[in-house]
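What follows is subunit A paired twice: with subunit B in the first complex and subunit C in the second.
== the complex of A and B ==
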């Protein structure tokens, strides 16, 4: 009896001792990939697209840390490889470095506009970023003008790692200016699954920074890039979607330039589906904010002026959003305002009937009437009434 | 099995001891003293003083062990009284009358009794009593004038507090009991004395408050105490190890303390204290895991501060147990769980370290244990030097030499500090032991292994009992009423009841101040 028990114990020990430690890779042997860029190298070769994958590996000793005082070397290393399958290139890359590629810290995926314009290719390429167990759904996706790998090659001045630089740019600076909302692999996955259209931040590489060019519109049904929005149109888009906590609107009032800073915006979409052939959509936008900058020496501290300014801001917003909506309806025919989702939620039966003719077929989205009502509220005119006294006319 | 074999062996010896010394006392004083000397083999510290009483020729003698009695008391209250005695006598009845008179009147000592066997005499003498012989009487007087050098009451050394009484138990059981008595004036504080140690014959006192304590607990503790059959019990640890529930468990199943205030408050909660002569450490039973993580200061300070301290202590226990294991598993298995920047900086700091994280951690943990042990063994002034040399020099030099990474050093230092927040030393030892288990599990299976070991320990904890009280209560048999005083310490007015898990006879420990 006792002997059996000891044998059992021995087996348990052997199992752990002999097989244990699998998956054990010391942290210093990991090659942390923090950014990936995918370019389209050539058109179809033997029925498959020829892709170029560039991975940005972190070189930890190159990072300035107080202990090792920064060895002066580069903090990152970009490696490129070509092939048909993204995963196959990743595997191939393992033979190029002394470390095991490790994707759990991947922050950024850059995709070239050329690749996005090729129908269905983006969804195919994205598969490995959704399927592989090391991939995280929080990876941010940006579209690049020209070569995507150039984005990973920039030399930012305040950050050591280009991928981290862009990641922080998307997170921090955009939180303030509200130019683009980061798009994650998980979000895109969801959009692709429902064939919805969406916006990817669109950037171009400069020497030591990236330039923001607006947003790239990805058409869900056509499964490719169909057009671009500029910065102003992006602000309009965010106002319609109602998830704005920043951004500015500049306009002239009484001959002087005034800049209004948006603090908070809410939007309410009302859908009228009596006539499925021509759906009436009303968007009510409520904007709150303050006057950030005033040229001239007007005193804004009276309710009359303020309400006039509020009216002017509302008008600006209505024009701005109206133009943007018209462009997306006419030029791109892409519902980036998620009206399709709202129809699905609130008018399910109607949506079931029209969903195959929304942004394709009969193009009901382009035919729908969209009206925007804006209501701006100026919370504060700033800390000071004016900068100088009366001006000589 | 081993224990019963030992027991049989012992029984035989005992009968032998009893057989040789159950000798009657003779009337002849010379013979008596010779017998005593024979029995003890006439040691140097056995003092026998023969003298005559009054002005006559009545022979008398006293015997005691030097160093165990209070000499001043002996001189002033016994010898002087006896020598100044003037009794006219000489018949045999007179001697007996004189003996009675001495017993009744002349010896001004509170504790005095008659003895009739040599065994009584040797027991008395060896535990610090003085024996009085009178020629012609086949009995002796055993007078308790215990004295000798003892340590004064000092501050507690292992359980220091910022706020709270500064007294600590000492080695003398009489002093210790008096310290408890001073805190509890209740008439139903019961102190049951017995003796342990077949040869040391140490006094052991079982203390409890009748009317509060659950009688079943007292019964169980007494039952276990009766089974003790040791040669010697110099420390309450011997008693603890003899009567504990599970000798395999890494957890202490009794609390030991040198603070009288802890003992008295535990007694009033409905627990039992075991006080042993010769040691300042008093055992408290039953004990639960929650109890060992409590410090008296939690109650002495206001409840917010008390709660903060408790929470800190739980965090400390958690860190002391898990931190090196979690570090090992994160660094060698789950790098994806670390924040990116931390992962990169750990990777940078480990660049050039020759050992895997587990070996590195083991190296540092063992170094730390060595330092701790060395610090305890060395005299205090040198002990501090060891701390500086070990902590600063070795740590710094090891990082400079590239043997360990700086992050590892932080982990180990944090672990060591966290382990010192546990209020009971015995629990901090168990945490130190278990830490190794967690580190091995982390090295083999990563966080999965850590969780497996954690589950194993939890299974053990819910199975463990301390004198019939589940060790993991009020966590595991959940007692909602006791949760108020566990991880959080509720305000005073909410703590009106004694612990539910002790099933005390009197449940309330306080009343709302109604007039």
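== the complex of A and C ==
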């Protein structure tokens, strides 16, 4: 009898175990945030910067497959809030929408150039994207010319969600043209930790698309945006870094315009640190590709013409990379070619001595001699020799 | 092939081998890349992992040698034969207490981490209690069941960890592995010092090897077990360095969790792999806790032979729970963890060496 009583008590206690999960949030109540944009509202307010955060929420009823026919509604909703702290704005946003913001599926972070130009602010803003457990390090980061929230407001025609559109654009860009290497929150965290300079893809909002403007150079030590690279300079940067599987080089040969398509580029950086005051850096670039377009009616399929064209391309690469390097050395003093990382990797002891004088202090980066040797290989000149017969002179 | 009989009280070679990784891989797996990267340069941490592993191998081998000098005798009985019964009781009690402290630390660690990443609203106390209840359930039945659970869980833990590492290849940068061999000597020493805390728990072998089926092979099997742990840590560490870089690894609180969070299969088919990772991590930590708790019970039971095993479980459970609730925050918890690790490692080494030396002095031969 006694035992039965105990059992009864036990069963009563066990009922409490059936109440379910404390953290149960029905999926309908979650507001999936897929893109965030941060703008600097205006200057400092009570010693802190006034930020505007725009979150892009997915509106599932608006997401329709072509089979069902569109319901006409938008598939996303952009909400903005202002305040000092990014996280506080996120929390406030819960009262603006009926759903709890949920960041596990965040794909894109857009920051305005104005914010990037303010020293230290970018690193401060990024903190929550590294610290918060819902955030992932694979979130892509782009810099926007003008208002960052405009980027999330574009109406792409082939995608329903602007953030997904830009995310896919960055991925396709990396595979096809390789012009813009997407920067992820994790990469930036790593760069900021070592005070290295880096490039963020720089975009501008158009009506139904975004336009690439090039790359925004973020100086690691000064902790702010110091300049921009245009598309040609981005190609040069990628050639120096050697991780290119795309991109084009246009040049004139014998009065005619020729476009060379890069299929594969490799670079080899040699560092000579005998004299730390003036480090000699030699970059050997090997490029492989084909002729994609020829204006005029030359037949390029003979070895002499091809070797002349190869020389022309090599010269072209040396000029464009040379100019880009000179510009980053003199104008921005920002080592975006990751020479600092290579010094750390290969000349650890020298680097430990000079790291405080690399892109600041004595500016050893600006003082170093950087030489580029390029070697181009034209593997093919295309499917046809020419498009038309002899031209009237 | 050996047929499984439920009441078979012996553990065979494979089970001995698996005990070691099951016990050693626990809370440390999440955080150790940070501690190691903190003290070393570039990817030099693997040397630290190797040195730590070698030391552990040495200890494990010695413990196994000692335990198998007296085949199928419990720790208390052979310790009594070497150093009188009262001293043996004290040693047993000491090892049991430390095992209990390990169990407390691990319970709190899992509760904290689970609250941080999985159950935001659930009180940490409830998570700890629920976990502890499952552990109690596991150790209430036959001891041999724990080893079977180890055998069952380990392949999953191993395979899923390797899959998560492989899926991170997309982010892997070989340049981050450089520079190599640039760490100073003190860096290696300090790194090994913190690495030791992830190799703790060998004390359980002193007790469990009494159940060994073929004691002669135990030292070899235990050594293989340590090698598995070493390989495991090596893999996780190198992946962390390659993916986050040295600076990133040294700054992330739980580098291994971040690795799991990074996994993304193109096309958005599969994101949030950390959920799978947590499942296997909790399995790993469950094994650690059950064995630590079981050793505490076993130690007490061997001292007070007349009492029922369940009595000890009911005495120890509230104790473990209360001790685990003492640390106020993560910093205190980490101090507690470091303290427990060093004390446990120190005691295991001390007891083993003490017993071995006295046994040699007294000229005790291996009992056949």
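By definition in this document, the second predicted complex is superposed on the first by the 367 of 393 C-alpha atoms of A that agree within 3 Å, B and C clash if a C-alpha of one lies under 4 Å from a C-alpha of the other, contacts with A are read in each partner's own complex, and residues count from 1 in each chain.
Convention: a residue touches a chain if its C-beta (ideal position, glycine included) is under 8 Å from a C-beta of that chain, and two chains touch if they have at least 3 such contacts.
Predicted model only: the values in this text are computed from it and were never measured.
Asks: Thinking of the overlay built on chain A, is A:138 touched by subunit B (first), by subunit C (second), by both, or by neither?
Replies: Touch status of A:138: second partner only.
Asks: One more residue to check, A:344. First (subunit B), second (subunit C), both or neither?
Replies: Only subunit C is touched by A:344; subunit B is not.
Asks: Contacts for A:104 in the overlay, against subunit B (first) and subunit C (second): which applies, first, second, both or neither?
Replies: A:104 sits against subunit B and subunit C alike.
Asks: Would you check which partner chain A:48 touches, where first means subunit B only, second means subunit C only, and both and neither mean what they say?
Replies: In the superposition, A:48 contacts neither subunit B nor subunit C.
Asks: Scan A:194 for contacts with subunit B and subunit C and give back first, second, both or neither.
Replies: Second partner only, subunit C.
Asks: Which partner does A:186 reach: the first (subunit B), the second (subunit C), both, or neither?
Replies: The answer is second: A:186 touches subunit C but not subunit B.
Asks: Please work out whether A:23 is in contact with subunit B alone, subunit C alone, both, or neither, and reply first, second, both or neither.
Replies: Touch status of A:23: both partners.
Asks: Contact-wise, after the overlay, does A:380 reach subunit B, subunit C, both or neither (first, second, both, neither)?
Replies: Touch status of A:380: no partner.
Asks: More residues of subunit A are touched by which partner: subunit B or subunit C?
Replies: For subunit A, the partner with the higher number of touched residues is B.
Asks: Show which residues of subunit A both subunit B and subunit C reach, each in its own complex.
Replies: Subunit A residues touching both partners: 21, 23, 104-105, 136.
Asks: Of all residues in subunit C, which touch subunit A in the complex?
Replies: 41-42, 116-123, 126, 171, 175, 178-179, 182, 243-245, 247-248, 251, 258, 261-262, 264, 271-272
Asks: Okay, in this complex, where on subunit A does subunit B touch?
Replies: Residues in contact with subunit B: 16-17, 20-21, 23-28, 30, 32, 34, 58, 60-61, 63, 65, 67-68, 102, 104-105, 107, 134, 136, 164.
Asks: With touch defined as at the start, can you tell me which subunit A residues reach subunit C in the complex?
Replies: So the residues of subunit A touching subunit C come out as 21-23, 104-105, 133, 136-138, 186, 189-190, 193-194, 341-342, 344-346, 348-349.
Asks: Of all residues in subunit B, which touch subunit A in the complex?
Replies: Residue positions touching the partner: 331-333, 335-336, 340, 343-351, 353, 356-357, 406, 443-446.
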